[in-house]
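Right after this note come the structures.
Presented sequentially are two complexes of chain A, the first with chain B as partner and the second with chain C.
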Partner chain A sequence: MTATPERRSTRQLARPDLPRFDTEELDPPTREALSGLLLTMADDEFVLGFWDSEWTGIAPMLEEDVAFSSLAQDEIGHARLLFEMLAQLRGSDADDLAFGRTADEYRHCRLLDHPRTDWAFSVARRWLYDTADAVRLGALRRSGFVPLAQIVEKIRREETYHLMHMDVWMRRLAQGGEPRERLEVALASLWPDALSVFAPLPEEDLLIEAGILAAPMSGLADRHYEQLRGVLSSLGLTVPEPRPSSQDGRDRAKPSESFRWLWGEFTMVHRLEPGATW
Partner chain B sequence: MLADDTTGPLGQPGPAAGPAAKPKPAPSSEGGSDPAGRLGDGAQPDIWEVFRQEKDGDPMRHAGNVRAPDRDLATHYARELYARRQESVRLWIVSRLDITDLSDPDLLQPPLDRTFKKPGGYVMRDKLDAARKRAAGANDGDDGDEGGGLGASA
Partner chain C sequence: MSALRTVDPSAGAPMPLEQAIWAALEDVSDPEIPTISVVDLGVVRRVEVGPGRVRVELLPTFVGCPAIDLMRSAVEERLAGFAPDVEAVVSFAEPWTSQRITPQGHMRLRESGFGPPAPAGDGESLLPMLPVAPCPYCGSLDTSIQNAFGPTLCRAIYHCAACRQPFEQFKTV
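Our next item is the complex of A and B:
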């Protein structure tokens, strides 16, 4: 399961987007808190990327197929960057983080714990997630941990575009008829998890003290809810009350059976020959 | 994308003949009717032609087309199909409805001999050689560009 040193050095060269930084810059508790945050972000992007890549070949139109698959690839790219940063903080390997964990060790939010379902569901889910992600990235833009602020700025440039794409689809589906009905069903079933991106992190106080994160997760959840409310009501869609984050940690733990299946798919090759060099 | 693509997503030649292969109404030879028609009239309002610029200063070249129900999605699709690998610095996305189509053979391929309109009718080689020699002689030991005009126009 251990990667060879040669492999690691090659991988470092192939990561021009990751700024160089000194891990010792952060005291161990802050480093651990930051690792926790990065893991949730990386897992969110990684898992969404794999769910949405399931549309490759079967999206409603050829153009959307290419576009949606490209968006999914973008998420994998963001996850790669975040896993690389995390690996450097922890002295581990990004591939092992991405593919070498058991399904129970993933920390994606519950919003991303559902299967692809139908097109309206995937649109609604991605729109909910992209809206949340924009808020989260906004809160890290001026992070006191400068390398994080730098990669967040790059990720934001792509995510802004993703959100625009999803806004177009939300407006289209909400126009009426069967698409609107399906969208309503999807939003209703996703709503309990809509704010799960902002499930509180165990050590987020440390991150706020260190100036790494601009606001507590609960504050970001409020901001996110206000944005959802604005768009949903402009489309004449139901705006349910916000569901407070569960205290049992379920928002980012104990993955569903659907996720276990997805995990089996995306780790399949890695598990064939752990530690193999490609 | 369309079956009648002239170019594929990354400028590769497409599989089939270009739009010219489609049947078109015969141009009218009577009255003062406009010989150029709107390309999109009737058939395919959801098709957008995409032009791309590879680097700053290059001309915009036709990249291909996308099918999209509105301008917003056309823009998103053009970006993903013709720029997702950072191969473009600018795109133009044009609805086919806005394209004026001119393919009237009476205007573009007139039946009378037109070779007198082509520069190939004049044999320039010997004259140019002589002019270059003269220019070279005039410039001996001199960095000036006297006589360079003829050489430059070759």
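Our next item is the complex of A and C:
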């Protein structure tokens, strides 16, 4: 029997990928507001990535098994960068932020509080999210907070593929028959949360003043809503009524039971063996 | 491959350290496509040489790419003899794009059965990102995309109608 191979810990835990930046250039209230923005973005990408991964092995066709696994990997990668940026800003730890919170402390938008459900539902939800995310990333790509602008520039190139993929699926499902019926059911049940990505952020005025965010969330919600209506109409799909509100998109009394279940899954290793690396 | 292979023997002068480092980095390959080096892939952004130290900046092809950690350790291992303090860091100062792949990189990709990325991808519009990918086997343009997502984040799956071969394209980003 030879010696047991040395267990290598993952390097990324010891050395964050994100270049160091000077947190002192921001005054404390602006830094706090920026933290709030980063937390919502990181949680969105993180939670969506785990929902995507629920299709690994059971997607309706092999190509989508591969696609959704890739989408999941992309989103978790984006979340990791955002958590690392947030950790630098707050002087905390990215893994603790990602895995060390209670289910109630996540700030993902309500759109991502729904379970995976069926394929049409996952497509509709992802399309609603991706189109909203594109608007949000557009408002950050020339951010005055340069480290954020830099990673947004990288992330949005990858998200373009996501958006394209979901766009194709929306068109496929919208063609008719049972797929179209399921898509309409999914859109109707997701509709109240369709603008939830743009829930107002605490002190977002400070972010706009500092040039970190290009427009208020409510303005981004308006832009997104017009785009949604346009695409749905062009596909001959019903635009559900009334226009959804984005006001209470992230502050919920309690996250859904579905999210609690997902949280239980993705925090399991961290809870069983805090500080574990793999 | 020797790190000194690019020295011009007629010059006789010692090779500048930075140049030697770039040459050495050509020995470090992409762990997911081992025929292409990190230099030809355009992952190496910058090499900085200071007294007793070497710093290399790497641009990840995709944010969630697990290979970047391997590349970082491989770069540090390869350069270990060049200075007491060798550091490889990941940078986002500019986005890696598929246009960073060198002409030699394109050749290596084709040799390994990969379609090289198209010269598009300004990041502004969606359409140029799904160009016609020439088949790496027969060169035909009668190809179609099967899946924008492949076995790794940076690869898409195509099919060639002329030689009836599936192939992978290095994504245009």
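Heads up, the rule we're going with is that the second predicted complex is superposed on the first by the 245 of 278 C-alpha atoms of A that agree within 3 Å, B and C clash if a C-alpha of one lies under 4 Å from a C-alpha of the other, contacts with A are read in each partner's own complex, and residues count from 1 in each chain.
Here, a residue touches a chain if its C-beta (ideal position, glycine included) is under 8 Å from a C-beta of that chain, and two chains touch if they have at least 3 such contacts.
It should be emphasised that the depicted structure is a prediction, and the values quoted were computed from it without experimental measurement.
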Combined model on chain A: chain C and chain B, fit or clash: clash
Touching partner for A:H165 - first (chain B), second (chain C), both, neither: both
Which superposed partner A:G77 touches (first chain B, second chain C, both, neither): second
First (chain B), second (chain C), both or neither touched by A:D193: neither
Contacts of A:D133 with chain B and chain C, given as first, second, both or neither: neither
Chain touching more of chain A, residue-wise (chain B, chain C): C
Which superposed partner A:D251 touches (first chain B, second chain C, both, neither): neither
Touched partner set for A:D113, first chain B, second chain C, both or neither: neither
Overlapping contact positions on chain A, where the chain C interface meets the chain B interface: 63, 66-67, 70, 161, 164-165
Interface residues, chain A side, partner chain C - complex: 10-12, 17-19, 63, 66-67, 69-71, 73-78, 80-81, 147, 150-151, 153-158, 160-161, 163-165
Complex contact set, residues of chain A against chain B: 61-64, 66-67, 70, 161, 164-165, 168, 172
Of chain B, residues touching chain A in the complex: 1, 9, 66-70, 72-73, 76-77, 79-81, 84
In the complex with chain A, residue positions of chain C that touch it: 60, 62-65, 68-69, 72-73, 89-97, 121, 123, 126, 129-130, 146-151, 153, 157, 171, 173
